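One chain, chain A, appears in both complexes that follow, with chain B as partner in the first and chain C in the second.
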Partner chain A sequence: MTLSLILQALQAGITNGFIYALVGMGLAVIFRGSRVINVMHGEFSVVGAMTTVLVLTAAKYPYWFAIIAGLLTGPAIGALIELTLVRPMIRQQATEDQFVLLTIGLERAIAASVLFFIGRDGHLLPAFGGDHVFIVFDVVIREHSLWLIAIAIIVVIALREFFRRTTLGLALTAASIDADGAATTGINVARMRTLTFVLGGLLGAIAGILITPLIAVDYTTGLPITLKGIAAAVLGGFTNPLGAVVGGLTLGIIESLVIVGVSSGYKDVLTFSILIAIMIFMPHGILGRGGRGGG
Partner chain B sequence: MMRPRFALVLLGFVLWAALPHLLTRHMTDLLVFTAIYTVAGLGVGLLLGQCGIVNLGQAAFYGIGAYSCAYLTVELGYPNVTGFAVGAAVSVLIALVVGWPVLRLTGYFLALATLALSIIASSIFYEWDWLTGGELGIGGIPKLDFFGFKLDTPGRFYYLAWGVAFLSMLLVSNLVSSRTGLMLRGMRDSSEATASLGVDLQWLRTRVFMLSALLGSIAGSLFAHYVSFTSVQSFTVDKSIGFLLIPVLGGVRSLWGVVLGAMFVTILPEMLSQFGDIHQILFGIALVAVVVLLPDGLMGLLRQAAGKLGWSRVSA
Partner chain C sequence: MLEIHSLVSGYGALTVLHDVSLSIGDREAVAIVGANGAGKTTLVRTICGLLRARSGRVLKNGVDISQTPTHDMADHRIAVVLENRRLFGELTVRENLLLAERRGRGARKVFDWADIYALFPMIEERLETPVNLLSGGQQQMVAIARALLLQPNLLIMDEPSTGLAPKVVKDILNVIKELRGRGMALLLVEQNVGIASAITDRAYVLALGRIEHEIQPGAWDTFLKDERLVKAYLGS
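Up next, the complex of A and B:
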């Protein structure tokens, strides 16, 4: 294994890691706000990417317009799910098992709808910056990867500032920490929960649109994206959206080093063995309890 | 009340035995799959209904059962029964070794852990092509035979598959009404109270997980011998989700619900096959609908309907 091969793997790992981070953050935002682990989360990415593809190719609108259209699907679906399904189920005090089953059902229905209405084929989006590549120390870096990383970092910082500084972000945090207390100060807790799904959906759609120039997206892509995001969120402690960034990058880098060092076939074996081990032995993620503060 | 019920059971039995002769070969084929899926679904249903554990890993054990039959009979030429036995033994052992640590988790994280197990298993099935044939799979798995009577048509396999399904139902039914069943319900409804009575919850959950794995493995072995071909596509996470769908749709608290759920997932796709893959959408919507509206599944719906018509409960 040469140095440039390792650097190449690191580059791929960091790129994937930021995708896992975005998905994991979305999952963590929803989990913190509603105590639901959203198994259909990857479908936000698939629908966002597919909508962008369709608006771009079928309707021939400009790329930026297609991206905005794609981004909007995430919040729309998120709000719809929260208002029509999650809200009544929380009222009935549904168990965690029921939420797992509910979101698996949604995942199945959306993935199957993509298959039924769009077809089996994978779709790619044009890369940001075209096919331009940079070559640094024999490492080939696509310009799109740099855009992806830059946008992901901006999203992470924006989310952190949103939760820390804006009234709305603080209200969201308050509603998730102490619902009754927040309600007495005039925060509409149910609306805050809807908002966490809107935010989670947006993060999912961003991840989907950013990854689609690199990996063709089809109807089967959603569940693996969810699972990687869950792994990232679990590594990061799950209640802390910023922890998912650490978790996602760790996961992405380990994964690509395994591909180079061992074999690409065993990357899922390793990723998900780590996931199980972390859940059993480090229930607060790799950051531990200390990592829970802030964010 | 004894005699009409006995007559009803007898009538049901005669109808069951006559079905392969009345139906087309294709319909009989679907009923064989219903039986195989019932066996695998019973395990998942037992975990969910009695322990409140969402098991998204059943396809792993289904795969172990199928591959051990395929490998031992085709590659090594051992008799058919060894495949069933080795598959069952390996599955139960893995369920013990993996279940013991994993079943410490609860709720979401347990469900996610079983899902992760299913992915790990399907990656391993894919990678260990010396054992599983990888993407190409293993073909030419011999048909089962009993003393020279070859189970080489759907009509013949039907009796074996349903025989195993009924035996499994009997086993689960006895378990649920035994002392262990009481402990299970106690654990589900109030785990602290049950633990304070001296019940070892960890061991109890592991044992049910082992039983569920055993049923999954037997179903996989039946599947391998029935279609005489195994490939990695049959043991993916999608299959695990399918196995979870069976008891949830049918109704987790009832044995016959599992049969109903298995029928739903085998027969509905055929009825809708002219519309392409639309059944997949319906499965997803059905799952959502059951979770939100029908906590007791289709069986609960049937019971309600029967109640409205003034019939007493007919199922055992």
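Up next, the complex of A and C:
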């Protein structure tokens, strides 16, 4: 294993890590705002990416327009799920396991719909910056990876500032800390919950559109994305959206080092073994419990 | 100001409040006293919409608010300080207050930040402190301040003295008296009749979800001296 191989792996790990971070942040935002573990989260990424593909290739609109169309599917689906399914279930005092069943069902249903309407084929999006690559210390870096990392960092900072500095972000945090306290402070708690699904859906769609130039998207892509995102979120403490960034990067880097150091066949076995070990020794996530972190 | 007619409320199959009627006049301070489990907190939660009444009506200045969601109570100039304060612990004092101030904006402004600092000097010093680092008494003050920034003319408080040191309780009572001086109507739910009698004009005694007794203006002393009554209704 040479140094440049390790650097190459780190580069790939950081790129993937930011995708896991975006997915994990979305999961954490939704979990914190509604206590729903959103198993269909990866489908936000799949539908966002697939919509972008279709608007670009079938409808022949410009790339930027296709991206906006793809991005909008996340918030739209998120709002639809919250308003039509989650809200009535909350009214009937559904328990956390019932919400997990709901989102597992949605996950399967959306994956099946993608198979039915779009088919089995994988689809790629054009890379941002084309196929241009940089070579630094013998490490090949695709320009798209740099765009991906830069955009992800901007999203992370924007989310952090949204939660810390805007009254809407504060209201979202307040509603997740104490629903009754928020309601008596004049905050519409149900609307805040819808908003967490809108925000989570947007983060999922962003992740899907950013990764699809690197990895083809098809109807099976959603669940693995969710699993990596859950791992990232749990590593970060789950109720802290910014923790998911640390979790996602940790996951991505471990995974890529396992691929070069051992074998890609053992990637998931070793990666998740390490994650389990981390969770045993740090049960509240890498950042620990407490502190306001993301909000 | 506030009229409650034949309110019935409860949780699931359990009916807690049976046919509760009461009223509060303008600028009046009224207490609801009763033993643990009498239904005091259920009454507060039903009035402010956290719990839907099974039947009966709640009128604020003649407007039926029994279907009004809790977050719109500020539109009717009602603010409530729930039991255990229910602040946003990880957020700072300033952020907790900001959320209420934002909601109270547009309403006729009675309390601004300067009023809050005058009532609670400690708040100005601790603005950037996360609320969960404050003492219980300081948290109670932040909770009252948060309610005031919703610009109410009726303040509902559920057990504001629970768990606080006597000195702190005295500070809070002084603030409530000051608010009364400014014309605030008050509905105080309190297990401690000593505190209730110190700041309210009259009271309703709640027992097993029913109004069993009314303490008229000027009749607090007679009630407190009647050990039989106190024991029967308050269990102490």
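Quick notes on this structure:
Everything below uses one rule, namely that the second predicted complex is superposed on the first by the 281 of 295 C-alpha atoms of A that agree within 3 Å, B and C clash if a C-alpha of one lies under 4 Å from a C-alpha of the other, contacts with A are read in each partner's own complex, and residues count from 1 in each chain.
In this text, a contact is a pair of C-beta atoms (placed from the backbone, for glycine too) under 8 Å apart; a residue touches a chain by one contact, two chains touch by 3 or more.
What you are looking at is a predicted structure, and each value in this text was computed from that prediction instead of being measured.
After overlaying the two complexes on the shared chain, residue contacts for A:T2 are found with neither chain B nor chain C.
Ranked by how many residues of chain A each touches, chain B and chain C are led by B. Looking at the shared chain after the overlay, A:T185 reaches chain C, while chain B stays out of its contact range. After overlaying the two complexes on the shared chain, residue contacts for A:A171 are found with chain C alone; chain B is out of touch. No residue of chain A lies in contact with both chain B in one complex and chain C in the other.
Against chain A, in their complex, chain B makes its touches with residues 48, 52, 54, 101-102, 104-109, 111-113, 115-117, 119-120, 123-124, 126-127, 237, 241, 244, 248, 276-278, 280-281, 283-288, 290-292. Contacts from chain C toward chain A in the complex involve residues 48-50, 69-74, 79-82, 85-91, 95-96, 98-100, 102-104, 130, 146-147, 150. Put simply, chain A touches chain C in their complex at residues 167, 170-171, 173-174, 177-178, 180-189, 291-292, 295. Against chain B, the residues of chain A that register as touching in their complex are 37, 85, 88-89, 94-102, 104-113, 115-116, 223, 227, 230, 234, 263, 265-266, 268-269, 272-273, 275-276, 279-280, 283.
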